[in-house]
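Have a look at this one before I ask anything.
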Amino acid sequence: MTGMTDRLHTLLAPGRTRALAGFALAAVLLFAVAPVLLSPFRLSLLAKFLCLAMVAVGIGLAWGRGGLLTLGQGVYFGLGAYLMAMHLKLADAGPGGVPDFMSLYGTGEVPWWWEPMRSPAATVLLIVLVPAALAGLLGWAVFTRRVRGAYFAILSQALAAAFAILLIGQQQTTGGTNGLNGFRAFFGYDLTDPVNQRMLYLIAAGVLLLMVLVARQLMVSRFGELLVAVRDAEDRVRFLGYNPAAVKTVAYVVAAVMAAVGGALFVPIVGIISPADVGVVPSIGFLVGVAIGGRATLLGPVLGSIAVSWAQTSISEQFPSGWIYFQGALFIVVIAFLPGGLASLVRRRRRRDSAASPPAPELEERPA
Amino acid sequence: MDILLSQLFAGLSLGSVLLLAALGLALTFGQMGVINMAHGEFMMAGAYTAFVVQGVIGSAGISLLVALPLGFVVGGLLGLLLEATLIHRMYHRPLDTLLVTWGVALVLQQVARDVFGAPNVDVTAPEWLSGAVTIGDVTLPKTRLFILTVAIVCVATLSIALKATPLGRRIRAVVQNRDLAETSGVSSRGTDRLTFFIGSGLAGIAGVALTLLGSIGPTLGTSYIVDAFLVVVAGGIGQIKGTVIAATALGLMQAFFEYSTTASVAKVLVFVVIVAFLQVRPQGLVTVRTRSLV
Amino acid sequence: MRPRTHAGTRSLGALSIAALAAGALTACGAQVDTAGGEPSEATGAGCVDTSGDTVKIGFLNSLSGTMAISEQTVHDSLQLAASEINADGGVLGKELEIVTEDGQSEPTVFAEKATKLITSDCVAAVFGGWTSASRKAMLPVFESQDSLLFYPVQYEGLESSPNIFYTGATTNQQIVPGLDYLAEQGVESLFLVGSDYVFPRTANKIINAYAEAHGIEVLGEEYAPLGHTDFSTIVNKVRSADADAVFNTLNGDSNVAFFKEYSNAGLGPDDMPVLSVSIAEEEIGGIGVENVEGQLTAWNYYQTVDTPENAAFVEAFQAEYGADRVTSDPMEAAYDSLYLWKGMVEKAESFDVADVQEAADGVSFDAPEGTVTVNGDNHHIAKTALIGRIGDDGLIYTEWSSDGPIEPDPFLEGYDWAEGLS
Amino acid sequence: MTDLPTTTEPAAIEPEPDTTGPAAEALLGTDTSRFRHDYLEVRGLRVTFGGFVAVRDVDLTVTQGDLRFLIGPNGAGKTTLIDAITGLVGATGSARFGGTELLGRGTHRIARDGVGRTFQTASVFEELTVLQNLDIAAGARRGPSTLLRRRRGTPEAVEQALELVGLGALRDTTAGVLAHGQKQWLEIGMLLVQDAHLMLLDEPVAGMTQAEREATGELLRRIGSQRVVVVVEHDMEFLRSYADSVTVMHQGRVLAEGTVAEVQNDPAVVEVYLGATHTDDEEA
């Protein structure tokens, strides 16, 4: 009897069907309901939010599960976005052409490191590879030296600051503060066309769902358990014969790639990428939704991020400075008093009827 | 040669500014593990204190001297408030203090914007600080000499206070071993508050001093906070000495890189050097070894 | 412009199908086909409702974030112009209904809010923007939605869009007259200091070309990151270069740090004057009058300009927002922009974008700065250049003025020495 | 036992205790000959923090079948010694296990060579279940493809360990809610599935009830017959009941070594313990 119930539980309760149902519901909402209900403007706003939510999925994995408080996701978001933007600029300029801003403000010559982005295939490849390589190198270097916790957070923040300054300083090749904008086409398809805008939304929705699936697989896998173990007691894991640096680096790289893909899709949807979207402040901004939704949960970061983006847009429409107070207050209240995010409220209710529950949201490691 | 000396001074001066900004953090982050992103906003509060004091007193010469201790108190009280309402419940979650205090920073900035208006305000430098001291062909602005002095006085006072007074011994005791200190009758609650008060107060002093150099606006703190944290991290936590050396080194590096390249490149280079340095010494310049799992 | 709408849709669909769950998408693909069969031209200005007693216009300024410092003032003077116009009977008899949006100092938000104003609020025109980045971000939006933006700030030129009216100065109305003035004063060497972004970089390119053609030596060119607060190294460089004058294109807070450092280092207008193009009355209070007194600026308007229109403008502005408030060039340009749009609409007798564009040429307004006239070719405004000197009261007094309004020339096509710049 | 442990040859392996179930047999008694000659040999080990010498020229040899207890007042350097052997702090000198030099290698590599430890404060992964804890402990050699898949079923070693440490019924309980003693057992179970042949246990019975201590003691005795075990412990009664031999440390040095009786009668040891209150430095 008990065995039967147990088996039923493992089959049903700990998330499998619930996750499937949630996933199906999300798919229906994103693919069927939203496109019908929302005006083209609202739909492309939602598409933008979905791109930001992709960054959140990665942060949920790295920070929520791995304890890596990365304050520099703007760097990877920016890498993906700029690589895509470079391709779009070159494509607009035509074969052998020079992007408009380069002839206006620069030397009128395309620098060598822009050239690979003439090829659409190379661009897509590099959008994944460049952030992965950078995150891999940096993560490995930093984590093997056991730079962690606050140190890692501050370093990643400095990285975001440096990246933004670098972009601004290289105006002739990166567009400086103006960033890159004024794209006409996305892989040959007119960006002003509402039909194509809608397709971009659908692509963003699909990619986001795909990322959630990837994140889910990582979270329920042995790797996911190991990641939580590393987060909570890194040294203990080391004494079991694992190299925690490798575990963390993997999570960091995955988060970086997700941010980069989000950035790459952000560009054709929003039509601009500038250093204002990649520096210190937007990098912390990515965390707001994650913290509010529930950092260690699967869907919390996604829903939180979308909700916060939505709130930002609608609150600032009503009260311009109100949004700042609201954002600050949200951060303070949720993190100080509800560290598990809103998801922990849901879970608290759920826990009563489910014996086996996924790892609860954690508290950070104790200071040394 | 002259330019070398000028740059040397520029670097030292920038170092002293960074040191003032980072000194309070060295206490709150280094000694207590609290990552206070609102530290920059406490500096801003100090700067606005100087502005208000000048409005009340009028005379620039006296108001600066009044504003320095008052800025300390204002910054300190803000810190105390923050500690009592939020931080004290989060000592076991250092990373979360970062996010909470960032929220606080946002709110404080907007408060400043709503109270003092969006445009920047100005504090007039006193007569006795206008102009420069010229040694040979090297010009040393008096304001920068003054800030250098303030930084030295703050460091000296703080080290003496930490080493020689009962208060300082209590702070160090709690930092080194909270449980032990508590069983020995040291009130760690009280000590935490006191440490936070002093650390935040130092931010207030830094803010007052900065009015001599730059603009006073709601975002004053954000320009310094990243650098200030880097100074503390590079210096190594737990000792003022490391912070002093790191601030000086960063200032000199920025000044000389900037002279030979551009300000933007210099800033990026400084970041790169720090990241590389932390590869070599992940615990920073000066470390206090403890048996705990670092 | 829209080469392959249908094929495009399907291929993009296929692309996503490859990446995604096929079922969900096929359902949607069909839907997209029906919904998107005809790309509608009319999503944009087409939805402007002029049937009632009111007409909507949008104000888009940063009311929060780092740029709020400057943009709030522009917003204030736009509000002033709107209430004046409404008190005077509106535009074509219709009262202006203002929709305000906050650009949050972020280019992407400007693009987003511009889209919202055009497509959701259906405004007839949008007024606002400050940084080049925000304008560049909005430009594609206004072009693709075929709506109108009135941009009120002096900028780096090299741009001309049928959907934007530039009511601030372009380079030949500010930078070039500034250089003319300096050359006239016998300046033979210059040091260039600027923030690291597009306006200073472009301005300095122009200055270098001008200097080369006019025998002026450029002794140095330094850029500080936006928000840079430590200018001791840059001032050291300026001092050791010992130029006749400094041309300053720094932006925002950096000016405060720069001028404090400059005067603390013992430099002043007598030994090495600084000509600034981004310091207006509004900023002087924050820098501290004692640090900039006697220094030069180049603009098209000062609060002290002696015209009856300006007297009325300053009086109205201070009555509305307080006697301690000052007026500045971008505020005045914003104020003008609303009146210029009113003039265009009334000349066209229509709010329609195409009609307004058609009617724009030659529309003029007796602005506080003097009479300004719209150039229908490049959508810039003919304006008089004024070099000013900062007085001990924090106001700027005209020192030199161009011979009447200068025709806008955003690409500097009328200047031989500027060949090859654009 | 009269011989000092440093010179003892490995004692004859006792037959499995009768209390042993099949699980213990599988986990502990699989291949006794394989471990027959395992021993820990520490020579001239020295750890310094800044100028402070925390561990000074320590020599120590522990063999399989000799359940060794390490005692000494606070600050004597016991935990630091374990830290040094497991690579957590740098040290000079030599520490060899199974013929491999441990010093100077990364912690996780030392662990892969069969060195396991527990901590003063039970450190299990509190957010994870008992089963997940053990599964992770058993998996250091898993490849990426295994890691990226979901765990299906329970590995055999984990199943045996669950039974051995008596946590079978609690396998799906979050480790954080276990009683203190259960956490200590879970840690020991983790060492077993980790396949540690040198087990360094830091105060494994602290905070346990008498019954739990006895159970733990029996467990340690059984494990000790198959593996090299060093226990840091303050509890004298527990020590008297289960220690085969004892090493006493004081101020970073080895003060005495021998059987429980020998050590208890050592005048130097008696003096240190009676005068412990005023020599009790804060931890290094």
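Each chain carries a letter (A, B, C and D) given by its place in the written order, and its residues are counted from 1.
Simple rule for what comes next: a residue touches a chain if its C-beta (ideal position, glycine included) is under 8 Å from a C-beta of that chain, and two chains touch if they have at least 3 such contacts.
By chain, UniProt protein names: A, B = Urea transport system permease protein; C = Urea transport system substrate-binding protein; D = Urea transport system ATP-binding protein.
Since the model is a prediction, treat every value here as computed from it, not as a measurement.
Enquirer: Moving step by step between touching chains, how few steps can get you from subunit A to subunit B?
Expert: Contact-graph shortest path, subunit A to subunit B, evaluates to 1.
Enquirer: When I count C-beta pairs in contact, which pair ends up with more: B-C or A-C?
Expert: A-C
Enquirer: Farthest chain from subunit A, going by the mean of C-alpha atoms per chain?
Expert: Following the centroid criterion, the farthest chain would be D.
Enquirer: Find the geometric centre of each of subunit B and subunit D from their Cα atoms only, then give the gap between the two centres in Å, rounded to an integer.
Expert: That gives a centre separation of 46 Å.
Enquirer: CA centre of subunit B versus CA centre of subunit C: separation in Å?
Expert: Taking the mean C-alpha position of each chain, the two centres sit 37 Å apart.
Enquirer: Could you put a whole-Å number on the gap between the CA centroids of subunit C and subunit D?
Expert: Each chain's C-alpha centroid was found; their separation is 73 Å.
Enquirer: Could you work out how far the Cα centre of subunit A sits from that of subunit C, in whole Å?
Expert: Computed from C-alpha means, the inter-chain centre distance equals 34 Å.
Enquirer: Any chance you could list the residues of subunit B touching two or more other chains?
Expert: Answer for subunit B, listing residues that touch two or more other chains: 110, 113, 222, 262, 264, 267, 293.
Enquirer: Residues of subunit A that touch two or more other chains: which are they?
Expert: 165, 168-169, 235, 321, 324
Enquirer: For subunit D, give me the residues that contact two or more of the other chains.
Expert: Residues 88 of subunit D touch two or more partner chains.
Enquirer: Using the touch definition up top, name the residues of subunit B that touch subunit A in the complex.
Expert: Answer in residue numbers: 29, 33, 35, 86, 89-96, 98-100, 102-107, 109-110, 113-114, 222, 226, 229-230, 233, 262, 264-265, 267-268, 271-272, 274-275, 278-279, 282, 290, 292-294.
Enquirer: Under the stated contact criterion, what part of subunit A meets subunit B in this complex?
Expert: Going through subunit A, the ones touching subunit B are 67, 69, 71, 141-142, 145-147, 149-151, 153-155, 157-159, 161-162, 165-166, 168-169, 235, 280-281, 284, 287, 291, 321, 324-325, 327-332, 335-336, 339, 363-364, 366-368.
Enquirer: In their shared complex, at which residues does subunit A touch subunit D?
Expert: Result: residues 217-218, 220-223, 225-226, 228-229, 232-233, 235-244, 355-357, 359-360, 362 of subunit A touch subunit D.
Enquirer: Along subunit C, where are the residues that touch subunit B in the complex?
Expert: Of all residues in subunit C, those touching subunit B are 64, 66, 68-69, 72-73, 196, 222-225, 227-230, 232-234, 236-237, 239-240, 253, 255-257, 260-261, 263-266, 282-283, 285-288, 290.
Enquirer: Can you list the subunit A residues touching subunit C in their complex?
Expert: 27-28, 31-32, 35-36, 39-42, 44-45, 48, 104-105, 165, 168-169, 171, 176-179, 181-183, 187-196, 198-200, 202-203, 206-207, 209-210, 270-274, 276-277, 313, 316-317, 320-321, 323-324
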